[in-house]
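What follows is a set of structures for review.
Each of the next two complexes has chain A plus one other chain: chain B in the first, chain C in the second.
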Partner chain A sequence: MKSPAPPKRSAFLPPAKESWGTRNPFEEFKTFTTPTSNFPLDQIVQSTEAVMDRIRSGYEKLLEEEAKELVWMVQYNTIIKAYEVAEKYVKEIDYTAEDIEDFCFALENTQKIPYLIPGPAGVYISALCNYAKEEEIALKLSELKTEINLIGFRLSKGKRLLIEGDTGDFTGIGLEGGELIVEGNAKNWTGAGMRGGKILVRKNIGLHTGEWMMGGEIYVGGRVRGLGNIVEGKVYERDKLVYPGKARYPNLYY
Partner chain B sequence: MEEEHYQSIIEEIWPRLKKKHLYPEIPMPKVKETPAPEQAEAEEGVGLEMKQKQMTINGAFVSQMKGQMEEKRVVEALLDHGITHYTFCPWDFNTHLRLYSEAKKVVGDKELAKQVSNYFIDIIADTHCVKRRFTEIPELHRNLKKGTIQDVIASLYEKIWGMDLGIPRSKTSVKGHADIVRRLARIPYLDRSRWGESIQKFARSLKPLLIEEEKERGAKGGKGERNPQGDHDLNHYSNEEIDQGLRDYARQTMALSEFKDVVEDFSDELKGAGYGMEGGMGRGQGNLIDADILFYMKLAENYSIPLKKFPLEEKGSLHPHSHSPWEIGSPFQDVDIWTSFGKIMPGITQIWTKREGKGKGKMEGTPDCLIAIDSSGSMINPRKSLSYAVLGAACATNAYLQNGSKVAVYNFSDAPMGGKDVLNYTDRREDIYRVLCKYFGGGTALDLEDLMPLTRGRKNLDLFIITDMKITNLEALIGFFGQIRNRVTAVHIGDNPYAARFEKAVEKRKNISIYTVKRKEDIPHIVLGRIRDYFNPTQTKNS
Partner chain C sequence: MENNGFQKQAREIYQFISEHLYFNRPDMEIKGERFNSAILLSLLTALRKGKELIIGEPGLGKTTSAEYVCSLVYQFPLGVIWGSEVSGHPEQTEEKIIGRPDLGKLNRGEEDVVWTNFSQMPAKIVDEINRLPETKQSMILDGVDRGNWEYLNEMIINDEYCLFATANYQDGGTNTIIAPLVDRFDVMVESRYPGANLSFLIGKDKRKDHVLRHPKYEKDLYQILKSKTPYEKKIPKMEEICNAYGQHIEELLGVKSFQRQDRDQIRAEMETLEIDLDASAFSRMLLAELSFCERYGQKRVVENCEEGCHYTGYLCHQIKNCASNRLPSSIKQYAQGLAWLLQDPEIDIEHMMAVVPYTVAHRIQWKDEILSQKERSKRDDPFPIFLAKEAVKAVSQRYREQSDHLKDALAVGSRIFQGEDLEPLEGDHPLYVEVKKDLDARKN
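Up next is the complex of A and B:
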């Protein structure tokens, strides 16, 4: 005798009653796993951020102390005082040359640093360069919109600072035996009061170059717009010695 | 045969890959057909192609890698990479454009900027995948043939992934390269909110290498190495994605020059995607792309103005008027069952004869619109910087066109002296935008003789005028508005005696609405908001 075949279940019928119970739609992901190890990128980024925060905070404190009215006059005493304050904060931070470069770009980002006051910023960057562990520092600043003033202030013997891009006024002032190379133009008062060392500007240089310069050498690959009152030292324009020499007079505009 | 083999590999691993990437909406990848022998050599180096959402694996590439890595793992690594482009970076066309434009700000050159953005996008995709998924991507990088830049990037991967990818020490210790890797490693690749500044830093660091490579390529006769993980171009995106991307990019940048630069840089690809200025919705073949017009078009698409419809005199609606006998073959739907006694029989059955209604119907419609735009010297040149006057007029244009109406444009500066452009009623958006974007930059005078033919015989017509009201013959304009009964929206920029004079003269006219904009930048917002008040007061009250 033929046994009756079980009725076929239509594909459109609801599922069997036993499977009607609440089913977690994300059940399938119970076994889903992702790599959990510490990712080196995260660590690098975190430590970079932490250092940047400290550098930024030092700069903000410098501004609080030195530029309360957000006005900062470039005078011999103010520069010295600002540098001493900057030194105090910079000494406590462990950073690299790349951190200095990042800080230069962060200065232009108003969301990160609300005030860019060129004087104190330059003094602070100089302090960072002088206290960096590296003897040779390269800052790629060609894309920086702001020309930083006072960069290379008091660069000491044995230090070599290379700047890609242009620099502002008072570049390399008070240089103390270090080597400063600017792969671009430098503005006025470059090398003012420098005591020793070498400044090399690949392109042109502004007025008052080497004002009160007490020693050292300034090499200019392009034109020197005007020399300052130089006490001692040498200035070269396209490999030609222009000071000491008869050809150039202080602040002569050419 | 080999194609089938690779296709079967894809079919086998695809469900697992989809699960791994949380089920992205991507179709099953395909295997590329074997290319002709002359093409084969060029294509051997590229493992993956992506067109719109279709990923295609290059079988020749997989075969080439067979000696170093199992085929299945090669395919999986390539697909992981491809999927991550859709699920993480660049994600959409707008992000791609933004990354490109940030890179271009640093490198200054179109080709270099494209290369920078491609490398950046690849690094983000691979890094995301390595961090978040179990993937064969590191193994693929270990076995790929590398040029100078790929070596640097692989060294970067070693550093940021913490894996050995077999880069010889002789390469990692090259001084310049080590510097670059150190700089690149500090970039927060996975932080989407910082991609703008990150790509700038990336471009700054990589620029010397790219320039070096470009020189080498020039020496080789322009033949460079292709990206084994596939190039990133507009082929990735569908037309809708490109539309949306341009719209978002215009809205986010709000900068005409930036938009123009990017559109011009991608003009070939956009033309390939069908972006010419003729044809509907800004697409069509054969013409140069006018980036200015495209900018206003895409920017205006971000705003929508609800337009209240107007009770128009309707002649077209039919209503049952009288009875007539039904004949065999006539339609049944007009049968009047009550007078036919429920029977279908010639001589007994009657049908309704319908006639057109007369007088004001209840049907609402949108009238056509005449837009008068001032392009005198006191207005902003829309082709130099963002003109909110043009943007406002563009938004109004869109509102009318979307409602099936036509728009005429009267662009005037010193009209009696020829400083004008008139466009008759049309629904061709490109033509309207072209006239709106025209700039004369002279004095400001209307010639009513020009307006008359555009308004004559059109009882239902809206007028939209946007100007600073410093019109020499303002009295004539006031007189003209005094005569007409059409709805008029007048937008004037800033407070000045001319605007005050105009306001005072027409204050009693209910059909004229005046909107003052104190700051030019407020035009798109205030005008749009207040137009809504005007066109649809009930909606504004309720909201």
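Up next is the complex of A and C:
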């Protein structure tokens, strides 16, 4: 004989008495675990450090590869070669304008960078500026003891580079249409070989200014110590056009 | 979430109303999208089977905004909506709101009820509800709450219904809405002045609502509503005509309205949306602040805060009454609706924060000192909604500061509840005390 089936419990009936009141009010949180404290600031610092390491490593490689050729005076071929090396490393790094400024500061203020050589440092910084995503870059160099050469090398059209502080020799050479503003002084050979664009030096500028300059304009807020052999372009001193103008003699006070 | 185009359809209805029928400025922003709160919440009310209280100055579109939404979501011609509205006035009677005896049958000694259009229609509008005297407001309590309308010994139950009630600001002819009725409204929203320029356009244009009229279908629907057919049998007949009207509206205006099965499908989809952990913890935090009293166990409107209470920095110290159990359900209902409309996979804290001010504004009774402190603050919203938004901002600030610890406390609570030998986490918020109370209750 078939035993009678136990009566089915209706879905609408309340649950069995023993389970009454046992509903866990925090059920949904049972799997919650606090994520390891990764504060946004830590992440920012970490990623900034990683970028800085790559920038620094590129600079060190440039120094290694170009160490033998470091006869940095007017040997333009050396500069071009060094720039090509710098370009190679810089292209591979994802960085911002702020990272360039941090690198400039690190040049003198950290043990991680073995030596600051004004020439290669300038070429490297120029490459960083030229390949930066930002069109406008501001660099604070006023706190550096060493004046960096070659800042603004080949600054291209559409870029604006603002330097707070003084720059060394060969500032803005080979400028390619960009705008370079130096809030302090610039030394010799500024704007040499520039093809277009604008250089504005708020204070004084050294000798050979605009040597073999092919175009563009140089504005000087203070005194021009001496002009170079300019092919084409304009040089202003305190809003007064000094080239082309009345007869000028290279590297002479006027 | 299923992508069947209903969200797009709902947005098109919103767009059509805001561009052609109810001109107003957007006044709320959710995830970068700006909406007008009156239209958005009315749309959600209609889709969620909710209850909305619309406040505002006379003539600023409280009733008309609700009428347009009801017409387009429920496919009723405007004339039928007008004919089923109940207006609040002191002489209003149960016979005009719910139903009356069938006088012909009564003469023959039989009892039967003739139900009003209002009680039978799924889209219900009570105009100027606060002109109903307090004693008469209780007549509609049950109907508003559960959709069951009783007269004599008969009852009809609305399976699908939503309710819109409008209320003017206090003047000589208004009464207070009784607390139990206020609590039954899920949301309160203001129908605002649209600004001088839009108002000028409204005045300049001819009446536009005739596009939602259709005399033939209106007549047919009235015939069904007043027929002696049992209520359950009237519904499918009405739906047929509503669908025909929906078709007509789509051809005429290019706006597709929702059929009954569409609305059911939408509700089913909304129901599947879960609350994420942050949204859940945030709501618990808010509810704790709106109900907690260390001294007396919970907030009660008849009790005052103790001098020197530790929890003076929380909302419980600023309010008189306790949050009702209808509040979390209203919050969830509207947050689900919003998440669905925005096609988000779950309800997050942003959906919560967007709807909470409108769900608590009418429910909180603020202490007099808070009212006088904040009365003159610069604001765009009506005072109760402004206070609610400020309260939500304060709670969300507290939540941001301690969200991880709070979720930890709830997680530990869950583990203790399941029998692990742990100590509940301590923290400076009423919710930590509430967690402990739940765990103590479990132990005992």
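The rule is simple: the second predicted complex is superposed on the first by the 207 of 254 C-alpha atoms of A that agree within 3 Å, B and C clash if a C-alpha of one lies under 4 Å from a C-alpha of the other, contacts with A are read in each partner's own complex, and residues count from 1 in each chain.
Definition applied: contacts are C-beta pairs under 8 Å (C-beta built on N, C-alpha and C of every residue); 3 or more make two chains touch, one makes a residue touch a chain.
A quick note: this is a predicted structure, and the numbers were derived from the prediction, not measured.
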item	value
Touched partner set for A:Glu28, first chain B, second chain C, both or neither	both
Partner chain in contact with A:Asn109 - chain B first, chain C second, else both or neither	first
Residue contacts on chain A - larger count, chain B or chain C	B
Which of chain B and chain C A:Thr48 touches, first, second, both or neither	first
Which superposed partner A:Ala138 touches (first chain B, second chain C, both, neither)	first
Contacts of A:Glu98 with chain B and chain C, given as first, second, both or neither	first
Touching partner for A:Leu241 - first (chain B), second (chain C), both, neither	neither
Chain A residues contacted in one complex by chain B, in the other by chain C	28, 32-35
Chain C residues within the chain A interface of the complex	275, 277, 280-281, 404, 407-408, 410-411, 413-415, 417-418, 435, 438
Complex contact set, residues of chain A against chain B	28, 32-35, 37, 39-41, 44-45, 48, 98, 101-102, 105, 109, 138, 140, 142-143
Residues of chain B touching chain A in the complex	19, 105-106, 127, 130-134, 159-162, 179, 182-183, 185-191, 197, 200-201, 204-205
Chain A residues touching chain C - in the complex, by the definition given at the top	24-35
